[in-house]
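All chains are identified by letter, namely A, B, C and D, in their written order; residue positions are counted from 1 within each chain.
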Amino acid sequence: MPLDLTLIIVLSLPLLGFAVNGIFGKMLSKKLVGSIATIAVFTSFILATTLFVRLDGTQIVKLFNIVDHDNFKINASFQIDALSVWMSLIITGIGSLIHLFSIGYMSNDEGYYKFFSYLNLFIFSMLILVLGSNYFVLFFGWEGVGLCSYLLISFHYNDKHKGVANSLAGRKAFIMNRIGDGGLLLGLFMLLGQFNSLEYLEIGQSLAANTHLGSGAMVFIALCLFIAATGKSAQIPLFTWLPDAMAGPTPVSALIHAATMVTAGIYLLVRSNFLFELAPSIKDLVLYIGLATTLLSAFIALRQNDIKKILAYSTVSQLGLMFVALGFGAYSVALFHVTTHAFFKALLFLGSGSVIHGMHEEQDIRKMGGLAKLMPITHFTFLIGTMAISGIPLFSGFFSKDEIMAQALHHNIWAYSILVVAVSLTAIYMFRLYFLTFHGNFRGGENLKSKVHESGLSMTLPLAILAILSVFGGILNLPGLFFKGSAHWFDNYLSQGTFGLEHIHNVHLDFNAAIQLMIFASTVALGILVWAYFVYFKKGNLAKSDLELSSWEKLSASKLYFDEAYNYLLVNPLIKLSDFTGKILDIKILRNGVYAIADGVLNTANLSRRWQSGFLSSYLFWMIFGLILFIAFYILKISI
Amino acid sequence: MILILLPLIFSIIAWIAPSSTMRLIGLIASACSLVASIISVSFFNPTEHVLFDLGVQLVRFSMDSLGYIMVILTNAVFFLVFLSNYYNQIIGHRRFTALAFLMQFGLLGVFTVNTILGFYLFWELTLIPIFMILYWFGSFENSRVLMKFFLYTLFGSLAMLVSVIGLMQITHQQTYDALLAADLSTIGNAGIWLMGGFLLAFAVKIPLFPFHTWQAQTYTKAPIAGTMLLSAIMLKMALFGLLKWVLPIFDGIATDFWRWPIITLSLIGIIYGAVIAIRHQNLKTIFAYASLSHLGLITAGLMLQNSQTNEFAVVQIVNHSIVAIGLFMAAGIIEQRLKTTNINELGGIAKVAPRFAFWFAVLTFISLSVPFTSGFIGEFFLIKAIFDVHVFSGILACTTLVLGAIYMLRAYQAPMFGPTKNEKFLDLRWSEIAVFALLSLAAIYFGLAPKCITDFVAHSLIQTTH
Amino acid sequence: MDSIVILFISGLLGLFVGMRQQTLLSLIIALGGIILAALAAFFREAYHTPLANYSNYIPTPAYVIILLCFVTLLAILGGYKRYSQDKDHIGDYFSLILFSLCGAIMMVQPNDLMLFFIGLEILSIPIYVLVGIEKGSALSAEAAVKYFFTGSFASAILLFGIALLYGATGSFQLIEIQSNLAFGIWSSPLAIIGSLFILAGFVFKIGAVPFHFWGPDVYQGASNAVLMYMSTVVKIAGIYAIVNVFGQVFRDSYLFWIDLISIIIVLSMFYGYITAWKQNSFRRLIAYSSIANAGLMLLALANTQNSNIFLFVSAYSFATIPLIIINNVANSDDDDLKNWEGIAWKNPLIAIALVVALFSLAGIPPLAGFFGKFSLLWSALPQIPYTVILALIASLIGAFVYLKLLLLALKKPSVQVKQSIPLDQIIALLITTMASLVALYFI
Amino acid sequence: MQVASNIGSSLDFYLFVSIALFAIGAIGAMTRKNMIVLLMCIELMLNAVNLMLVTFSTFYGNGDAQIFVFFTMVVAAAEATVGLSIIIMAYRNLKSIDIDMYNQLKN
């Protein structure tokens, strides 16, 4: 099968699934709907793997021309290279697993077919995003995924209690993404103005040809792209939508808000590495934003009690970690962490989903506990995920985090220390979550306890697969000190196959430093594991209710007052402005001004009609007066 | 030729035909003219332009590709209006049908006439029917709002009349091509004043920022069909006049003088409309201000006088018609089912009317100009054009993305989501679904293949920008 | 000349037939006389004013005469219902109208100031009588009194002006006067003041500020039937007299009097339209609107080479007559705007005629009123741009007035009562509406 | 005749008289309330004009002004008759010929 045809099928299968489920979904049975969607995604995963196997160099597949401008052409064309194929592997692979999971999870939801068609649509636009060969196509996917995320977050819009909240959360997500999109648009405009093209390769080559191209413009472009990334990947200042986005069904959180969509920002930055290399100031900005995000969100996660909210903040924190890597220019490292994070975060979310499913839509960890016995598989896989994310040695997360730490240590010791804090915080809240959920005794009341059950195969199977992946994911990019031969496979794979990356060589620490680093990291992680074991398991230390929180805990529980600050700084002023313009300026001044003029003119009628007094003598008088005026006019005229 | 006279004939037919058959007559007749225009365009070669007249010296016609686009747009709009209101009272009235066709005749005249005076005549000719429709079928408690609409428009047109006379007397020309050829650089500042007259008329019609106060009230009080006609096609007359007549003719001193004032007003309008829409309570008013915001962008783009930008402005004009019909139709459906468009009194319609919810959502996102829709292409290149000449203005224009998202989603979610306040809500009828589907298909088609518009109009736009 | 004779004879015939109280016959005689007169005017090129060759755009009086006859015919048709009500005086009505039409015809083919003056009187005196012909009503009597005294006062002024002009030039022949003035004596006080007095006399006839006072009272006092005649024919005759005398004879002193004319134009338009806004009597409203229209007509003086007033006056007449007919339907006896509410729903013909007439008065294309206005503006704009712009603003206010009337008439009444219109009025309405509609083809 | 010989010298005098007459008539028309008097005032104005016309015609020595004078007299007579009849009719209605009684029509 030729390459472009494969690509087209990869793209069109999810679209097809979307169309079929969207149109006929109502009539089909739930099983059929679910399997159609899952098979569609899975098939495209298979085809993507064939692409991956046959990959050599970069290939462009041009479908048709969208815009034919004097200065430039914009084509609907796609690019097959290491980066895009890798991303599409993640998307379709994790995607199909999550589809499988959803078959069970959504089984008792009336919007079943809608849900699956939305999921497929999301997969489609995500593939567009990563496979497009120019920023224009990327933008199509970019807004497409935003749209799908809106639809899926506010999926339960007519829920009795949380309906409005869900739809508002969706709206918030869409608007915040829109801010990012605005940035991206501006960047695109500037790119078009500078290069008369939006093709990655053309831009990259013309930059390679003459690097002295206006650095100011480069800074502007890089800044705009980074704004877009912060919007999509939930970085400070645009991150508050992601925790709210947990209003959506859990598979959605796993797919969109952990594994794929939120990593689009990282993809964008990796994709346009050549631009960022020319704008070092923005690279530093990326670094600082990443650091701030990872630290603050980790801190917030400490005292959240909603199982999904904790995971959401940990996602934000992990994404911050990746941005730190990007800030150091270690693109492949960041992407490696994207991969592993996709594994274990999807696992964790699905695990929490299974928990919530078993707990009958109960999300508060204060009501859980001791689930280890009730749902063993979920417990086991969740434990693996926890270990992976908190960097227990030899789990996938360990390696990917370690790479980033290595970069930090090499570049900037302060950054490194901050990262250490953040990572340890991560471990802390993850283990808190784990112990409170699965150990101790059940706090949800007896009648609920009786109903708690382990989920079905369609939900546990994905968990198992993901667990395996997040255990062994680290193999992809082993550090140099183990098997010399296959070390840094992922680095090489990516930097060979992706434009711009071949110039950038990640630093690899020498043996001793690496060893020390790993030992230090693993001791920290294990230490925290032990500590948490004692605190939360032995002492049975529970999550306190909001009242008896100490000051720092309050700060953490109330999310550092970010939402409040935004309301105070942005939302309320906007509302005030709107009220002012709408009520005062528009109606009082402009509209009534027009009325006032009209009335003023017309009311002189009351005056002018008096002139018509009705007395003949006055008429005759005025006629004479008119004559006199005529003559006066004449005299005036000749006197001038 | 026959294309332009068709609506007049239909109008006369509608006056004499029995009113029981009115609905069908309206639907079929508008369909006829739509089909006729599509057939004739398929025989039309975009590079040429055809001249003909009706025996009146002052009014001669010419068909070029831009005119064709607008003609097809007009016919399509009227067809959709008739289709979408098929089950409403208003279509049953002989008066509405006849007046609507009369107005269609006027619009077609505006888009195809080749003499400046003729342009003015048809421009005004459209005023009487829409005024009558609004008065007879609207809900104007006090006729004040209506009079404001009429006199605002008349005020603009009188200014335009002075300019038309002045133009004809200065150049001693009246046909389009002759006026294009005429050299206005000699008259200097007089040109600025003449153009000002035209711009005043257009600014009232489009409307631009300080002249918009008739719009919101009129849209809110008007019958939904009238609102559709007003916003979907009647405002386009002004944009068309700007694009086809004023900018090319006054190209030079006058345009340089007016460019930035107008662009500034448009930008103010973009922000202003969006900001007001954020908090307004009435669905129709929100959409009115939204269209104020959208049209500001098009105007700003046109004032840049760049042939490429103009092509995309045409795309955006088409898109705005699609959006306007769709949104106002949705508002009309709600109004006609529930007798209110105040979003505080609405809620949870999506639960009782899923089909309506779906299509309304589609239209909402089209109007948010997400990719894959014509709105995206149009907005992208218009904002880019502004951005290229003036970065800050471009950034300002970009804010509409965010603000638009805010008010459109609010306008969609408030009535649709949340607790159901109105239990019985009749879901869409076939005609309404058909309209929504047609609109969405058109939007997506033009969003993926805008070339079919841009390449078509390119020929006639080249001569408009020297 | 011979159309005057025809009219005069038919008038006399009408008198005799009227004594026999044969309404229909006298109507036929009157109409026949008018039609014959029009035909005569059409076929005889004798009506060729010596002044015509000074300007290329004054339609030769023949057309004006035909217009006058046509308008009178419509007026008679529209008023026939009212006339036929008192059989005793049916003849008087028609013959009076015909006689005054003779005067109008004398006025529009100026040749000699003497004939001018006589024509004016022949035009006016019958109208004095017609206004007062409602014996019973005090209002009609008052209107007659006011009209008579102001009118004769004005004709005295006119006469005085003629005398002064004669003093300045020593002739009544317009051509001689023109040539004498051309030698430069136009600037002599006698000539100037004489011309100003003549202007005053004419401005009184068309009823523009500041000689408009008779208008509203007389219009209100007179009956609809008479109003139809006097609100149109008198204005046409008057404006043609002004255009001929000032546009041609005094055109050397153009720069002198054009400013005065502009002032009159602006004053009359604003005063007329603004005051019309607050009227609750329809005939008064029409009176004020006619004051404003008189101001518009004066725009024709702005360009002496190209003063094309014909279209405007005809449009004005074709718009005013149907309105008065409709008023006749609305108020059979009294004259109150309240009765106009929902009038359009009584009869489709009324609705159409009303809409057309009002929009035509407001000057909305493609109706006749617009083209009339357009031709005026077209010729006036280069000469007196500021006046024209002010006039346009004023006409915007006018649109207010007409729109108010229209909305009043279109208001949907609670109970719809169909009302039939007599045949003669239907004919008049149809003719006028058609005329306003197809104007596009006559430019 | 002798008058004609020396009239040119005292043209101004005649003009002055006629203008004065005209003014008197006008002012009388404005101020007096009795309709009959009003009528007379207007007649006075017309006669003033006649005087002026005659003066000028002798000044120019051509006769058509004097013909005009006759026409004017006829017209004046006609006006007088119509006016008187109108006054009578008005009197029938209001039983008064005081001009100020007639102001039903106003504003």
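Some observations on this one:
Just so it is clear, a residue touches a chain if its C-beta (ideal position, glycine included) is under 8 Å from a C-beta of that chain, and two chains touch if they have at least 3 such contacts.
Small disclaimer: the values here were computed from a predicted structure and weren't measured.
Taking C-D and A-C together, the chain pair joined by more C-beta contacts is C-D.
Averaged C-alpha coordinates give centres for chain C and chain D that are 27 Å from one another. If you average the Cα atoms of chain B and of chain D, the two centres end up 67 Å apart. Remark: chain A and chain C have CA centroids separated by 78 Å (rounded to whole angstrom). Separation between the centroids of chain B and chain C, computed from CA atoms only, is 43 Å.
Residue positions of chain A with contacts to 2 or more other chains are 598, 609, 612, 614, 616, 620. Residues of chain D found to touch two or more other chains are 26, 29, 38, 99, 102-106. Shown for chain C are the residues that touch two or more other chains, namely 145-146, 149, 153, 216-217, 400. The full set of touching chain pairs reads A-B, A-C, A-D, B-C, C-D. Within the complex formed with chain C, the chain A residues making contact are 598, 601-602, 604-606, 608-609, 611-612, 614, 616, 618-620, 622-623, 625-627, 629-631, 633-634, 637. Here chain D touches chain A in the complex through residues 26, 29-31, 33, 38, 99-100, 102-107, going by the rule given at the top.
Interface of chain B with chain C (complex): residues 55-59, 120-121, 124-125, 127-128, 132, 135-136, 143, 146-147, 150-151, 154-155, 158, 161-162, 165-166, 169. Those residues of chain A whose C-beta lies close enough to touch chain D in the complex are 609-610, 612-617, 620-621, 624.
Residues of chain A that touch chain B in their complex: 64-70, 76, 139-140, 143-144, 147, 154, 157-158, 160, 163-164, 167-168, 171, 174-175, 178-179, 181-182, 185-186, 188-190, 192-193, 574-575, 577-579, 581-582, 586, 590-591, 594-595, 598.
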